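There's a structure below that I have some questions on.
Think of it as A, B, C and D in the order they're written, each chain with its own count starting at 1.
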Amino acid sequence: MAVRAAVAGASGYAGGELLRLLLAHPEVEIGALTGNSNAGQRLGALQPHLLPLADRVLQETTADVLAGHDVVFLALPHGQSAAVAEQLGPEVLVVDMGADFRLANAGDWERFYGSPHAGTWPYGLPELPGGRAALEGSKRIAVPGCYPTAVSLALFPAYAAGLAEAEAVIVAASGTSGAGKAPKPNLLGSEVMGSMSPYGVGGVHRHTPEMIQNLSAAAGERVSVSFTPTLAPMPRGILATCSAKATAGVTRESLRAAYDKAYADEPFVHLLPEGQWPATASVYGSNAVQVQVAYDEAAGRVIVISAIDNLTKGTAGGAVQSMNIALRLPEELGLSTIGVAP
Amino acid sequence: MAVRAAVAGASGYAGGELLRLLLAHPEVEIGALTGNSNAGQRLGALQPHLLPLADRVLQETTADVLAGHDVVFLALPHGQSAAVAEQLGPEVLVVDMGADFRLANAGDWERFYGSPHAGTWPYGLPELPGGRAALEGSKRIAVPGCYPTAVSLALFPAYAAGLAEAEAVIVAASGTSGAGKAPKPNLLGSEVMGSMSPYGVGGVHRHTPEMIQNLSAAAGERVSVSFTPTLAPMPRGILATCSAKATAGVTRESLRAAYDKAYADEPFVHLLPEGQWPATASVYGSNAVQVQVAYDEAAGRVIVISAIDNLTKGTAGGAVQSMNIALRLPEELGLSTIGVAP
Amino acid sequence: MAVRAAVAGASGYAGGELLRLLLAHPEVEIGALTGNSNAGQRLGALQPHLLPLADRVLQETTADVLAGHDVVFLALPHGQSAAVAEQLGPEVLVVDMGADFRLANAGDWERFYGSPHAGTWPYGLPELPGGRAALEGSKRIAVPGCYPTAVSLALFPAYAAGLAEAEAVIVAASGTSGAGKAPKPNLLGSEVMGSMSPYGVGGVHRHTPEMIQNLSAAAGERVSVSFTPTLAPMPRGILATCSAKATAGVTRESLRAAYDKAYADEPFVHLLPEGQWPATASVYGSNAVQVQVAYDEAAGRVIVISAIDNLTKGTAGGAVQSMNIALRLPEELGLSTIGVAP
Amino acid sequence: MAVRAAVAGASGYAGGELLRLLLAHPEVEIGALTGNSNAGQRLGALQPHLLPLADRVLQETTADVLAGHDVVFLALPHGQSAAVAEQLGPEVLVVDMGADFRLANAGDWERFYGSPHAGTWPYGLPELPGGRAALEGSKRIAVPGCYPTAVSLALFPAYAAGLAEAEAVIVAASGTSGAGKAPKPNLLGSEVMGSMSPYGVGGVHRHTPEMIQNLSAAAGERVSVSFTPTLAPMPRGILATCSAKATAGVTRESLRAAYDKAYADEPFVHLLPEGQWPATASVYGSNAVQVQVAYDEAAGRVIVISAIDNLTKGTAGGAVQSMNIALRLPEELGLSTIGVAP
């Protein structure tokens, strides 16, 4: 069985990473590639690292072009997925790497994205409680945001085990690819090299309600989230530093036990040995997640740090992992836990 | 009047930055330069960016060599300053860029540094309440740590104005020069480029009690601090993301007013216009501090972000600023608020 | 005497670096600042590192705005300087940081720039033979290109001393600020970090005829130049690796002696001690040039390597140095040979 | 058939990259891993990106430990391979990633490495004329140096086709992993970020005779090489800018035709379409080589630029490719031409 996959939005960073992974996927055959402003161009000029696809030419993103595939991946700007998705039949697996179908609460969507809510699809973070069941056999998948992936995997076990109070404080550093490939002055190499800077401060980043949604589900109560993203001088990677007040009776041992239990059988999430800390370089280009926990007794806080590659586990790798589950293929197929380092 | 200055530890990063600044200081004449393992070497081989001093030769760090100067700067490893300082007469201004004399509480010192407490000197952060008065005419100065500089300047106005509850959560990213010049595998360029990673997680970093000391003094009550430092792929700079629960009645306006007031007349600390955020690149090589505040109403938290150059305002610039005050020179002499960017 | 200076094109990298230097120049008072697409904006939003000028507002680049200054610096895109310059009176010192007036040969200009030749102004590289004499008292200065600065200072002594054959091979690496601040996809941080790539290969880079002009003048015969520029993952700096076949009788000693002699009294160009090699980090933000020479006997080639900061000595620092000479101020005024490192 | 492979020197960068590739090789089973100073440590602490091997413990590098494998890879410091190799039986495939057996000329070895010549093994650069034939069935392989790989693939087709005169000028930029994992002050992140610097200038770099050997074989006459390596602020990658005077009658078309022909059927070497230039980011983590050519008519030179990943095609990927040929497996097995970008 070969799964025939189309990629809408093949010229951007998410699309490029997806193609990198699909090229290595033993059950996938790469079909149509589209990209609106770049339609008609060779992929070799746009994604020069994908040598096996260098001579493929991008097409327009239309229903006709996307027809006749088993899976259609949408790597489009936020707000453009719904219009494309509704033209695709119910028998096609549609994997949306944008935000359109992630949020269950329409009010949250409208407040943060400023447009009508398109709906809610099964959420592509299999490691969450009930995550796999929601994806098996599904024909629609909403791939999580990169920050929510890193943050939810860092904190949900603490919330599920009742070890953290319902106010999370999160500071995350992201590589610049998270900001996309559209050229803007503040994303120039001259500006970002040698610089750390925050953005979307004060509760306004669009990934905030998605984190609240996931952590609240794990906690069984509304969790508030203070989230500050920062831009780091590196192309890839997210390091999320997450903390919350410890509930009464938490010990270093109980904290570690909760994470050991949560991740003992997870193929992609690794609780590091004590004394070792996550580093984004260790998961460069891989679908692995590194997690480490600490209990700061003096401050009374649980601290959890996770590292992911924002383009792999944070976007395209998460998409492939969820596709595998939806298609009832082995979950790890075509994915790796081996980073490219140094 | 020429102030004759010696620098003990001239081969490291703090010593090098200090010399860069002293070369531009109109009232300072650079005297003896010492460096133990590098004694006998040309400075040009060790600090090739300091061309005017290229032919100076490092001497041993002894009382004889350091004698006969108006000011002696100590840029030595932690724990080595006290032995040198006690050999210097009370008429000499001794500026310690190490940690030895920063903490007032002997128990904190012993717990975090594991050695007997050497004493407490006037603290070189003039912007703190009472900071300048403590330094004027003083013959001993303890230069603050780089992280405590960034964090204290970010948060003390909120505590002084009663706007923040007494539990601070801080995540800071530092450039690699903060880790010094002694070669270690994890500090190799191959390891740090492209990587963000935390260290000293869970309340164990030695700068934690210094932050607690400063913030508690501003608050008039004990402030707990959860501090997580991270290493960023850049040579210089600290970006500190600091938050605390807002006290009752805080508004965006009251928060901004408190910072406006605290920093209206400060020559080096700049509260940015609304909508603009600090970036370490903007203060590269300068003694300036960029600060910005936000009130996250949904999470009920005050968020303050500061950017400094860890080697300048965070170490050598702070040392020169405090020296100026101690010597009753104009505070800004030899210092700049102009960064080297891009 | 205060020299009143206007800067046309204050929002770009060259303009920003110029302002950084002029702020530290004891004889200059900064007057009008212009920037076409950014007219009306605060400089603090465009050049956040220049805190003392944060509240200055950019004006349109018109003759009226630029009138009434002693010096007008033009930091405009290539081809725009001539139209502005001709509106400025002969009593005003006009310093063009663009290419328009660098080339003596109109045919070269037309071939490489594709537009009519505007003329030739005194060339702002004082270290070249006769360089200072051409600038003293001049009211027009053409600031050299960044690559020609690095390459000419590396090679002219060998040509002037008859040590190199008339075919030079040059490979240079430049930081990304050399490509300017206009956002382009290939200049995004995501693209340049971790990557070295060439551009303008095969004799087509516009700085090639300028190098040929300078080296041929030193050699007294036409020197051919094979020049390959590469883009390096750093914001600033040029490292130029230059070589040519050695003429008969060259020795390591004769080579070194020629450079010793050429640069013994130069304030900004430093021939490094044997065994030490230039590094762009050592001249970061400084007007210094580091030079080192080698004679490869087996290959029969003279190799000269230079490092500059492309924005300082390579553009704005060179402009200030030449302005000082033209105005008969001390040549080093407002300039430094101290880099910001690490 | 499973090929059982041991790796001597598994804690360094070459060893780590080799393990990354072997983990993805469908016919290889990873056996003993050794590392002298690190013997007894978990690989997870030394190579945290290799999660599937995290719990493997390094052993001492002894003949006993290495016995019983089909292939033994030696990733040892130069000069240590011979002593280990002679203890391994003639039936074992020994792949030396060090320099010991690369040079045919004992005098060259002694002059550049300062120790007795250990011998000459079949050379692991299959793309060279006769390269594959020398490797098929061989039980000993000398993996080329990283720079000679990039340079030989850039220039041999020009020499084989008689298009270039016998004096090559090469300037190459390498990522810092080429300098290894042993901590040295000049390799600290603080030193290398933001800096380009040369080393081994003037014909003294040890890879020079290896380039001369390869290019002379292609040319059928002695080719002299002027080689200048530079250190670039990136972890991986080599960009080699290579040129030589064109022989009489060379045209842009004849040059391109020679490279088209040389690389038309090569699985890993890609002559880029005209107008596109190599970039190290495009081959990050891949075994691909990007090549582009130009003819500079004015300077009369052929210019060829190549980009490789120094750890993959330049070391470990080249080793696996040659192993595949020696074992008569498909040459591309376990290797990829897909880079990890951005």
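One rule holds in what follows: contacts are C-beta pairs under 8 Å (C-beta built on N, C-alpha and C of every residue); 3 or more make two chains touch, one makes a residue touch a chain.
The model shown is predicted, which means the values in this text are computed figures rather than measured ones.
Pairs A-D and A-B differ in how many C-beta pairs touch across them, and the larger number is found at A-B.
Inter-chain spacing, taken between the CA centroids of chain B and chain D, is 45 Å.
Distance between chain A and chain B, defined via averaged C-alpha coordinates, is recorded as 37 Å.
For chain C, residues touching at least two other chains, in rising order: 13, 175, 177, 188, 190-191, 193-194, 233-236, 279, 281-282, 284, 342. Shown here, the protein chains touch in all possible pairs. Here chain A touches chain B in the complex through residues 167, 169, 171, 173, 175, 188, 190-191, 193-199, 201-203, 224-226, 228, 230, 232-237, 239, 241, 243, 245, 277-282, 284, 292, 294-301, 303, 305, 307, 342, going by the rule given at the top. Residue ranges of chain D in contact with chain A, taken from their complex: 13, 16, 20, 23-24, 42, 44-45, 47-52, 54, 177, 181, 193-194, 235-236, 270, 273, 276, 279, 281-286, 288, 290, 336-342.
Residue ranges on chain C touching chain A, taken from their complex, read 13, 175-177, 179, 181, 183-185, 187-194, 233-235.
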